[in-house]
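Consider the two complexes below, in which subunit A is the common component and subunit B and subunit C are the respective partners.
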Partner chain A sequence: MIAALVFFLAMQTPDFDSVARQAAEVRDASRTDEAIELYRRALELRPGWKEGLWFLGSLEYDRERFPEARDVMRRFVASEPDAGPGFVLLGMSEFQTREYARALTHLQRGLAQGLGGREEMTRSAWYLTAVLLTRFERFDESMEVLLSPRFRERRDARVMEALGAAALRMPLLPAEIPAARREMFSIAGEAASAFAARDDVKAATLLRQLVEQYPDEPGIHLLYGDLLMKSRPEEGIEQMRRELEVAPDNIHARIQIASEYVREDKSENALPFARQAVALAPGASDAHLVLGQALVGSGDLAAGIRELEAARDAAPKDSRVRWALARAYFAAGRKADGDREAAEMERLKSAERKSEGSR
Partner chain B sequence: MRLVLFLVTMLMAGERPSPIHFTYRPIDFVLDSCESPARHAPETMAGGVAVFDYNNDGNLDIFFTNGADIDTLRKGDAPRYRNRLFRGNGDGTFTDVTEQAGLAGSGYDTSVTIGDYDNDGYEDIFVGGVHRNTLYHNNGNGTFTDVTARAGLAAVDKQYGPLWAAGAAWVDVNNDGLLDLFVANYLAWDGAHEPKCDYKGKSDYCHPRFYKETPNQLFLNRGNGTFEDVSEKSGIRAHPGKAMSVSVADYDGDGLPDLFVTNDKLFNFVFHNDGGVRFREVAFDAGVALPEHGNLISGMGSDFRDVDNDGLPDICLAALNHETFPLYRNQGHGTFREITSETGLTAASDSMAGYSVNIADFDNDGWKDIFASRGHVQSEAMSSVMAIDQINTVFRNPGSAKKWTALTEEAGFAAQPPRRHRGAAVGDFDHDGKLDLVVTALSAPAEIWINDSPNRRHWIELALRGTKSNRDGNGARVRLVTKFGQQFNYVSTASGYASSSAGPVHFGLGDAERVDLIEIRWPSGTVQTLRDVAADRVVRISEPR
Partner chain C sequence: MHGAAVVFAALSVLLGAKEPSQTRQSAGSFLQIAKQAAQAREAGRLADAIRLYSDGVRLRPAWDEGWWSLGTLYYDEDRFEEARRALARFVQLAENPAPALGLLALCEYETREYDLAVGHFTEWAAKKPPASNELLTVAYFHWALLLIRKGEFERATVLLNARARLGNSGPELEEAMGLAALRMARLPEEYPPEEREPVWLAGRAAMQTALQRPERADQEARMLLRHYDAHPNVHYFLGTVLLDSHQSDAAAKQFERERQISPRHAAAMVQLAMFHLGNGEAAQALELARKAADIEPGNFPAHKTMGDALLQLERYADGTRELEIARNLAPESAAVHFSLARAYQQMGRDADAARERALFTKLKERERERTSK
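And now, the complex of A and B:
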């Protein structure tokens, strides 16, 4: 015990201790530039000093010197791979340096590891994660984040715009939204929020306003169609068709139209839209899913199963696909395959149930 | 007279009368589930009701289950918790005969199913409850006797402890002429360890995932007043769930009754009867484990009857808001396809939460409609967030490729305020040939809905009496042919949520004044036919010996 203490003291060179102490003092006094310089000197004396790396990275970020912050945080996470805050700060820095793919990866990793009660940092990290998901056209995941309880109480203008972008399925970062369209994004966000809160009256009012104000903007009819599809499917389909006039390559509108036709047992009507969706997005599991369902519904079990298998391969954790595939296998008399998919689906559903809250 | 008044009122108002219409009539019963701030799960699940003829006078009677003190699960002497039996006067009014009948009960009762288990010609009552079930034997003199222990139905499950029966069905699983008993058990509940669930800062009833699954039970009737627990060897016990209801039909025409069980936020079950008192769970193969969209829903009450007159029993179940009330069409060959959207029921029911669905022909047009008792599972405290209290709805079957129509205010149901409706049962209370309803609601008066739909269509009711088969004819498949086509029904008193409808088998005949053919396939295998039968009456039919 005494030997360990002697060794520890020997390692703490007077210069390092002194510089580190000074760095902390000036940091506490909000003298940021001086603190940055002192942390740099301390880290020259002891390059692996984790606390120093963390504070230096944070100060560089606060000073909006994002490349420097990024580089410091890369050193930090290399030495502290289990530190959620380190990955989040790295991701936030990379967001600012426009390294979006890396930023998303690091933000998600940091959030998964946990931020230990840092509420503001957590909120910022989730917000940036959501806007990056939108940037990478993962709109549904983005909406899931922005509509989650963590944003429910404080869904400010910034969040509403981001939500609007995801809801309109436009892969834009908030800074990229044209000034003349900010209101449109905000209203879309409000509508999506009302829709999620099951306030259909408010959502419909807002969406009708959007359709009247911006009839030729992509995403507007799509969002309105989504709202209408359950309660008034004919009008929902009509809105989706209008979306295709505005945005002829829209995949989601085709999938929605095809899905509704499948639900109504009008597989022949669904097939052209589903085929176009697969052609436009060969890697989209939803497109393969609806094409598979339409083919099964039209009696072409073998082709339907091939499409459903493609959907499963594209999204192996999607229980909807497993359910559709299981039923197709059963219909084809492939009981063992059906049982396997059903079992996998039960496993996936069991995992989903654990995260459910209210009904 | 009532019909004329209704028509005159509608015409004066310049409105086209709704094809199905009911008029409210009160009955002196308030469902008291002992709602408490602790939000114990059973408080929101009470409300089973039965329609049957306990004294064989030809008038339908009503039995209500009721709650108890939630801490003790005992009714005590408090009149507020008594179960109630009302004798039908035959004109849509009722007389309370609970005391004479000895049916006030003692525990926290939730569900009821009707069946003559000893074939003595008098309907008996099985009452399912929280941690305690009761079998009442009908003595035939207006009184009942609790025979639960003697019948072998009082044992506590050695593995799971006391169970909570949310539903039950009398069903002759082996066609031996004796009604067996299937008990649909909900979840494992212990009042002393109730999970605490806050939604938006308010305490409310918990999501079912906070409780463990429990097994359903099957009791085989030995024919001597006692039952054998065959849950294990029949294969039923191998599938624990969170059952909310059971409905019965022979969906694949093999002559053996099968069972559809809804589960709350779990996969539904189909127990296919393989014969020899063995069941196989085949919901995935049959395509009814969950709706087409693949999301688990809050499966509530259910019914299992042919809605498209193709001779194959179809399935409908109630669920909560934004889960729709899924309707599955039996395609034959043991598989079903969801037709909720193509029938318009997705759009019609998406904003609704329901407990009971009862499939019956309310406008006598020859196509069975669906009644839904509506209300949310959450407490009134959540009213600012979602529609907790709701008005009942009947979905009218147009009988062709057209979409079904939801009739709510149009059907007269808005004559009562929105409530958390629960159990519902169907029968013709006033002998006018139109099916009436009784519906319960949490912490509110029960509602009698007298059917005064504006039509003069014909009808027929068949009161079956088994001889080789069970005396109720439970499990008989009835085919009826008129000049307008054929219809089918399957005799089962299990219908809706926690409830039982045990009146005669009802068929609307449209404009047909006569029935060309009635064909009854009894559970014994006997096929009986009647030809050229006059409409607009109750026909009593005994199984040939």
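And now, the complex of A and C:
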């Protein structure tokens, strides 16, 4: 009787291996819908089958069924937490379902783990990471990605718009850029790209064009000011002041003006802008950094150190802050503290160099 | 080998069921699994922990602690459907399920069971179970998003502002504030991409309002006018920002402008009605508030303003009727009870007036307590 029951069940129950084999065959034959069905059946029989989860997630993504792809990839990464491509595919799915915070986290994790030579996937993942960094107002990090060698060869229209949004410090995805001002973003991207390539002539031409075409748009004078600050700081400061007329609460413009005054050893001039920047953005490490530098420069060492410490607490991995703090500690005769910060700066610098190498 | 075990082993091979758990049926094995599950969890072996807790609840379906652990483990892996099922089981089984309600509601948000989520958030908040700051932040934020989706913008704003004043900030909070400010009954993952810029700008201004920086809020809100002067709700929002800085004449102009853009904007009508009432123009106030109540019969400020206007016009019986409607719509509004007390007083209904005054005092005290917390 038992033998009969076993035989009956064998007839009724699909065999995992054969379903998995069929799934692979129809997948190879590009019969995607059938493959999806078969992978689902195989995964019902063996829920933890990693290869099946990976292929099912990929196929669902290819079919643009992003919520399904996301759910499958969540199961995949739970069972395979070291799989970079899994996290990237999950992040790409979450990007499509507009779960942007999770998408960014997972893309970054996947990229950090490595994608094993998948060039196209790597490029897509970095692009999505960059646009999401912009969406989360992490403009400088976004620009760093988009200006990296990875995008140097193929900085197409899509990349230029993304770069433009980051350069104009507007937290918009390319799809969210208003149609009437799309050109403005492209030109800003071109200018930022030329600027980064040290083609100052081209950058200045493009930025002048932007200033003429869009004099009242936030971000334009800021970008132009950034360029001018290098070679003609007085004009750079003037552009930053114009930015403040267009966008009175702009923090970055204040920080740039204050930083320039600090560079020129005009701490008294820097102080009001730096103080305003801190008041506007009490959590911004750059604001505390420049205020700290201005205070140290104006002779108020104790207050300066307090601000630099605040900058360090806000951005413990910023080597510039560590260096400024080390110098302030040395000036105050606090050698041990200065040595510690200088060592930390060296460590961070070395990590930055490694990270740049891997990007 | 025991006969039954042989059959089971054979069936397991055929069914592809290779999990050892299916053979563990005794109480002894349950305790062992429970112990191993806890150890796996503590050691950060989450996949093992999930498998073991799943085995545990399969062996002992009434094991509430197991369901709780399973739910939280799935939640941590963003596997919300599985987490929802486990937490719902826990809520059914546990003597005190209140702490799980917030987490269950968060799962239901992710699985798009929005009505259930709102219900569980409401129940969770009413029971005030102990919760980590992280859970409070995430739960109140998502609850606010669901209120926005339901069009309850003012209630959502109260929750979001409270988060902002507790020091939470960031683009996601501002985005939610922007949706509420522009009265867009959508979730952040749902609204059209072309609305992103106005939502972002409105959110920045709303954040400044929440932080009680009216000047900065005004500046930020005016940035919206550059490209979105004719966008619905922009002038209404600017009007509310101006009201916050006590510029009622300028605010009234913005509400008027909003009415030109959105002729059936009930909230703008109510604001204008209140403005007229403040200027002693009760007839104009009444007309506007009545229009608003016709458009949105469930709009309690419209009924309240109508009631107040009628009292000012010495039409006490009509005013009382409107205020009673307002009270039924919003029994927690202290201001409604205050107005109603005045109305009853005028009608010579002293006992009713005393009752409303007492309710007013009680609600005000509760508001003060909340504010001080």
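As a convention for this text, the second predicted complex is superposed on the first by the 337 of 359 C-alpha atoms of A that agree within 3 Å, B and C clash if a C-alpha of one lies under 4 Å from a C-alpha of the other, contacts with A are read in each partner's own complex, and residues count from 1 in each chain.
Just so it is clear, a contact is a pair of C-beta atoms (placed from the backbone, for glycine too) under 8 Å apart; a residue touches a chain by one contact, two chains touch by 3 or more.
What you see is a predicted model, and the numbers here were worked out from it, not measured in a lab.
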item: Simultaneous placement of subunit C and subunit B on subunit A, clash or fit; value: fit
item: Touched partner set for A:R98, first subunit B, second subunit C, both or neither; value: second
item: Partner chain in contact with A:A203 - subunit B first, subunit C second, else both or neither; value: neither
item: Contacts of A:L227 with subunit B and subunit C, given as first, second, both or neither; value: neither
item: Subunit B versus subunit C as contact partner of A:P248, first or second or both or neither; value: second
item: Partner chain in contact with A:A324 - subunit B first, subunit C second, else both or neither; value: first
item: Lowest C-alpha to C-alpha distance for subunit C against subunit B (Å); value: 28
item: Subunit B residues within the subunit A interface of the complex; value: 197, 199, 204, 207, 209, 265, 267, 284-285, 287, 289-290, 292-296, 298, 320-322, 335, 337, 339-342, 346-347, 350-351, 377-378, 386
item: Residues on subunit C engaged by subunit A in the complex (per definition of touch); value: 6-7, 10-11, 14-16, 46-47, 50, 77-79, 81, 169-172, 188-190, 193-194, 196-197, 200, 216, 219-220, 223, 226-227
item: Of subunit A, residues touching subunit C in the complex; value: 2, 5-6, 9-10, 13, 15-16, 45-46, 71, 74-75, 77-79, 97-99, 101-102, 135-137, 170-173, 175-176, 178-179, 216, 218, 247-249, 280, 283
item: Subunit B-touching residues of subunit A, taken from the complex the two chains share; value: 198, 200, 230-233, 260, 263-266, 319-324, 326-327, 330-331, 335, 338-339, 342, 345-346, 349, 352-354, 356-359
